[in-house]
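Here the structure is laid out as structure tokens; the discussion comes afterwards.
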Amino acid sequence: MLEVSRLRKTFETDGQRALGRGRRTVNDVAQVFAVNDVSFTVEEGEMFTLLGPSGCGKTTTLRSIAGLETPDSGSIALDGRALFSRQAGKKKGAVNVAVNKRGLGMVFQSYAIWPHMSVFDNVAFPLRVAPRGRRVGEAEVKRRVTKVLETMELAAYADRHATKLSGGQQQRLALARAIVIEPPLLLLDEPLSNLDAKLRESLRYELKRLQRELGITSIYVTHDQTEALALSSKVAVMQAGQVAQLGTPREIYQRPLTKFVAEFIGTANFLDGTVRARSGQDFAVETANGVLTLTADADVTVGSAALASIRPESVQISVERPTDARNVWSGVVTTRAFLGEAMDHIVSVGQHEINVRSGPEISIEPGTPVYIRFDPSKLSLVPMS
Amino acid sequence: ACGGNDSSAKEAGASSKALNYTGSDRDAYLAGCAKKEGSLTWYTSLAGDVIDDMIAKFNEAYPDVRVDTYRGDESDITSRVVEETKAGRLQGDIMELSSDAYRELAATGVMAEFSTPISSKYSDRFTLKDDNGGILGIGDRASYVSFAYNKDKIPAKDVPKTWDDLLNPALKGKIALTDSTTGVRLLGNILTNMGDEKGRAFIEKLAAQKIRIESVSGSALAGMVASGEADSSPGVFRNHVAQLTEDGNPIEWVPLEPVTANVGYAGIFKKSEHPCAAMLFTDTLLGDAGTEIFDSLQYPRPDEDLGFTSWVPDETFKTPEQYQKAFTTWQDLFESSFR
Amino acid sequence: MSVTTPATRGPGLLHALSAFRMPRFGKRATFLTVAVVAGILVLPPLALMVWTSFTPGGTIDESGSFGFSAYGDLFASENFRKIAGDTAIFTVCASLLALVLGGAMAFFVARTNMKGKGFVYGCVFLNFAIPGMIEATGWIILLGKGAGVMRPPIEAVLGWAPVAQSMLGLVVIQALSWAPMVFLLLVGPFRAMDASLEESALTSGASRFTVLRKISAPMMAPSILAVLILVVVRAVQAFEMPLFLGSSAGIRTFTTEIYSSLRKSFIPDYATASAFGTMLVVLLSFGLYLYHRATRLSSKFTTVSGKAFRAREIDLGPWRYLAGVFAAGAFVLTLAPVLAMILTSFWPRLGRGDGLGDFTWHNYSEVAGYRNIWTGIKNSVLVGAGAATVATLLCLVATFIIVRSKVKGRQSLDHLLSVPIVIPGTVLGLAFLILYLRVPLPIYGSLWLIMLAFIAHYSPYAMRYVQPALVQISPDIDDASRVAGAGEVTVFRKILLPLVMPAVIGSWLYVFFHAVRDVSIASMLYTAATPVVATQLLDMWKDGTAGALAAYGSMLSVASIAMGGLAFWLAKRLGFSL
Amino acid sequence: MLEVSRLRKTFETDGQRALGRGRRTVNDVAQVFAVNDVSFTVEEGEMFTLLGPSGCGKTTTLRSIAGLETPDSGSIALDGRALFSRQAGKKKGAVNVAVNKRGLGMVFQSYAIWPHMSVFDNVAFPLRVAPRGRRVGEAEVKRRVTKVLETMELAAYADRHATKLSGGQQQRLALARAIVIEPPLLLLDEPLSNLDAKLRESLRYELKRLQRELGITSIYVTHDQTEALALSSKVAVMQAGQVAQLGTPREIYQRPLTKFVAEFIGTANFLDGTVRARSGQDFAVETANGVLTLTADADVTVGSAALASIRPESVQISVERPTDARNVWSGVVTTRAFLGEAMDHIVSVGQHEINVRSGPEISIEPGTPVYIRFDPSKLSLVPMS
């Protein structure tokens, strides 16, 4: 459906721009790669997520698809129709469909609701500014806007000033406005990030349900890993302008390819060491605190440095020494935090700080000596990059 | 550009014909052609009701000719005439301006020769002629500038009768003057009529009286004296005072002889595009109807005897250049003495 | 799916290609159009002024010869030092005082719970509405050296009374009339300042005064500096007040000197005036450069504040009533000259006297009979409205390009439209006169000429109104409408324009009222066919028809106040705060 | 240590203020209670949290303690010294210590770092503006600032411009500035809300550790329930200007007193019904989908309406019918979301939508009929308010 390939986009750095009076050769200007060789394909009906830390190029990628940013090179095609295409260094044969001709829907992080219009007018705007050929009559506009507002449960507010809506209603309005023209592709740039945790969670489900009910192919940008995992059919984790890993949420969560992905997706614990022995998928890794045995689907040779990683909820904590003595370390609880549905302890072992998450029934005073155990099958191994 | 010259030459010919038409059907001819022209523009430094009255009078006779006015002081008008002439887009038809500025402009050749039967009523002294004896302008009125004071501010015993009385210590700090041409001409009067040396000595003493300099026109200064904002001034127009007295203001005008006379000249621009209308309007200005209006507003004919001696600034100078030179001297003296 | 038939590819590609060109070309073309229009408005007068300054001694037949003598004359003048001294004292004192007054007003209105904020806004629009000449005349009636009506009572109480025609009077009166401009320019930044920066200093234990000194002032420094430079630029060019109030106190500034140098001989030599103008442009361009630097800095500063921001009003406690009294005082001071003028307009005689009991309509009937009075009013309204509309639109489009496009050289528009602020009105008027006398279009002698000059003259101010408003709008707002399918024109018309409407109205009112009351440009450019209100007022002043002047001035003031009030009320009803 | 009692604070509404020209009687102006009768006590060394949805009055309470807001009535005392005290309606005998005399430390949501000063100067400011009597020499200032910067691991940036710090560093700077005068009480207004999820989590632990190490009594404002539970020793949940519940995180999570608290603290499921039978702590509640039996410590009489609530992680989901048939309902999965460490399903039963959280190994296609079971001991009962 949507094919993005080899997208690149550079910006001049701000400092340079402030200084930059008069002529400068290209070499003089410090270029910053916002997006550097990004490729991915989004299938029909999918909810595709771009996930990554702040400044990794998610918004730039999304804006390039929308046509709000002109990439330096690469190509973007929707249903086989080129929206953008330009070979690096060449100006000839370039294609760049104007933003208002792409016919996509987009929800902005700030919602960008037009404050001088009513709710109805906000939603009607895309219909009213359609090109003459495709423009519909006012009656049809009314019909379609009303329908969309009803879907979004905003019909009661149609005549209200758009600024007089609550956060959640504003989000639905932004969504209504984006889908009223029934776009083939819906772009969402962190639509939930301005809301408080409670509202965010409920809207997350609503968004997912709507997306599925309407069957709209969507690209979703977020830096919230929970959101990405919960919402998407496919996730691209971005790092410094590049795609670090692309896969289903489960793949990414359970088999991160790099330390970066593993770290970003969950608050994993990392234990650096050297692979001492290997037999098939069983490894023995020597760390500063002792040898860990683990079973993993990794491509690491004996003698090379590697990272063993384990998620906090896969670490067991106990005051008594566990019966199974494999992979057991002893340490001291330094911090404890009650999270409602779970309890977090931070245990210091040698120079390692291990994050442990358990059920809320386990609660150990800081300062208490404890044992922690790593389940061999839950440890994964990442080659040192 | 050539075509432009051509047509303007033709126009000049046409305007020359209208301005010097002496046929017996002159009035009818001019009226007919003026009606066709439809309007005229009058550049003038006159102020107040006289303009409206004059236009009303003219329109009584020629209702189909609209009169526009550009009102400015001497430098406004001269500079505008100069700039417009340079660019070849003079907008005016008639000019009415005080003699010195009028002569200056006439010397640059912007004024047309004209002949009108009325000219015979004016003495040669107030008729400006070119080298061939053609009339370039006629003095249609005079305004007299001398001493005016506020009766509430200056006691009768301190009111000066002669120039020397201005040095009366009682008047110290109570004399105001404008820095416009009116103020400068006052120095010209002193220097010319007392003699250079004596005049300069007098001016030095006058400066010691702490003259207050206002950047306003002569007429506005009269208003200030009337309201008491200024106590007195030797640079006030007689006609302005008359008007103010009529309104009940405590102001009075006293002639210090010789009184500076501003003689207004009227004439027609060479580039006038409405020569017939202009000619007719000039006739009105110079004729009995005009004189009547001027008189009623205290602008007597320049040769009328009002019982005091007067001095016309530019009269003593042969050429505008000489006058301009003298004027610059007065001005410098004004600057160095009073500011 | 990836296979496309040639049939669909053909038009698609064509479509895509044309789309590729269109928006870029559109923005570039708009940029070029605006740049050309601004250039035509601004550059020729500038060049002409510089040229004139180098060719002194022109006569009616020939232009002067090239030389520096005009500059020589300017500096060699024996009075140069006095003039420079007076100008410096006036400029420094008046602009600082205006800054303090306007800045204090802005601070109190934006950041405290003072009482009587309405009075401050009242001052602002009174000041908009009242022509400078009327203000000056009114102050002479009140505090004139010889006959100020308020002087005896004040002297009776204080043993001393201020005189309008003195350096002190001049500075204070001028500062009073500029304070509203300072207020308008500062109230926004003061409001936008993140209050938590001050609050965190307070909780750190700093006293209010320390906070003001160490936190608020340095934080606001860029905005304040920017406004200061703007006021200084205006002060150096101040004309009406120094002429009307300064001359009789023996105060001479460069602008009044230009004025009298133009009046020295019958055929004026504009070289000195132009030399002076050029000198000002050089000096003030430096100031303008500083201004641009300062505002750039300030934009850097404001980006720091976090997103959770709510401006809090400082509780002044009982002092808020005192602040209210001061605001009311300022209002009375602004209103006083108009009241004085209205009162005089009903007196048969000028000045103080004992004519209080006498009442007359005479002055009004005289005004009604004044030649071309209605044409003048009509012309002024036309020219003012035209200039206000065009200047505001021009600046709006220019700002749009500056903040929203990536066209190379877009910043030059800002600079171009800011230049006229440094050209003195008289010089600008002269340049337009000389220029359009020679342009073979029917502009000279029509209202267009005056309007064009006003557009050039007031664009810098319109720019200061419009730019911050547009900068505030998040790019997302218009990006969203582009994605929705709107073209650039629609984005501008349907989205941006309605959102910047308050600033547009503010700018429009500013230009309109200032254009209607402007004397310096109008007096250079009006012709027999195009009288305007300001030149008629000047005529009345020159004619010495002070009664009529008072009556006409009163009528204009009342009408302007009514109009301004109506505009403010309407704007408020429509939900815009100006 | 800190005692707040019967605090009240009203604001005039904005709309009124915009309109309000000229005279108006007090009755004309609509008053909004931002804080309405709030009382609580904070003990020495405690981390006390004010938790609640947007606009509930948390910030107003905190600012009243700081002295940035003047309450209408009530009293605030620190270590027995009155900071503020005024009886409603009376002006006499009022005490109101000026904000700059209270000597408290405060961290603002926006950090409010002074951009025109260096990092060092920012921290030194509170020392330099101390009253003459208590002001210390420049050498001592340097020593103390350096020490605090070291504690905050900011020593390396001392000379840097304050704006050139990352989000996390800015937060530490704001904290350093607040504690440099060693205030008896530290006030924190949502210090983490501007940061992204990842950074937020790590700073949360840092904050907790610092607070404990320095032993500073703190009041913390947040609308993030996880943050509140994780950080605090005591939580006051606020609702519309009033304290809805006050207790330890565990008390509040496990025994919410009202529906509001229960809903706000976690995404609990609520089942409304009528109490049909009661024997001691065992209840039978009739709901639209059948009778639920539960054991709870609630004060509800037979016949009255009540809400049974249960957290998503306490609901069991299965495709097969559970062997224990008590409290089992059958429904259909409508949405599923993978959260990494857990899996969420939404199950529709009659008109109820039940939120179920399970381990990530359970994943059921939407549309599948399932059984859900409520553990009787995990259900709690809230009287219908």
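Letters A, B, C and D name the chains as they come in the text, with residue numbers starting at 1 for each one.
Assume a contact is a pair of C-beta atoms (placed from the backbone, for glycine too) under 8 Å apart; a residue touches a chain by one contact, two chains touch by 3 or more.
These are the chains along with the protein names UniProt gives them: A, D = Iron(III) transport system ATP-binding protein; C = Iron(III) transport system permease protein.
On a predicted model such as this, the values are computed, not experimentally measured, just so you know.
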**Q.** Selected pair, greater C-beta contact count between B-C and A-C
**A.** B-C
Q: Express in whole angstrom the distance between the two chain centres, defined as the mean CA positions of chain A and chain C.
A: 51
Q.
Need the CA-centroid distance for the pair chain B / chain C, whole Å please.
A. 37
Q. Taking each chain's centre as its mean C-alpha position, how far apart are chain A and chain B in Å?
A. 87
(Q) Measuring centre to centre with CA averages, how many angstrom lie between chain A and chain D? (A) 27
Q | Shared-contact residues (touching 2 or more other chains) in chain C | A | none
Q. What pairs of chains are touching here?
A. A-C, A-D, B-C, C-D
Q | Interfacial residue positions of chain C with respect to chain A in the complex | A | 1-4, 8, 12-13, 15-17, 19-20, 22-23, 296, 474, 476-477, 479-487, 490, 494-495, 498-499
Q: Mind listing the chain C positions that touch chain D in their complex?
A: 118, 194, 196-197, 199-208, 210, 214-215, 218-219, 301, 304-309, 312, 315
Q: Write out the stretch or stretches of chain B touching chain C in their complex.
A: 41-43, 47-48, 51-52, 55, 68-71, 73-76, 78-79, 82-87, 89, 91-92, 100-101, 104-105, 108, 110, 152-153, 176, 179-181, 212-224, 226-231, 240, 244, 247-250, 324, 327-328, 331, 335-336, 339
Q.
Give the list of chain A residues in touch with chain C in this complex.
A. 1, 3, 18, 63, 66-68, 77, 79-83, 94-106, 108-110, 112, 114-116, 125-126, 129-131, 177-178, 181, 187
**Q.** Touching residues on chain C, where the partner in the complex is chain B
**A.** 59-61, 78-79, 140, 144-148, 243-244, 247-248, 250, 252, 256, 259-260, 262-268, 348-353, 369, 371-372, 433-434, 437-438, 444-445, 523, 527-529, 539, 541-547
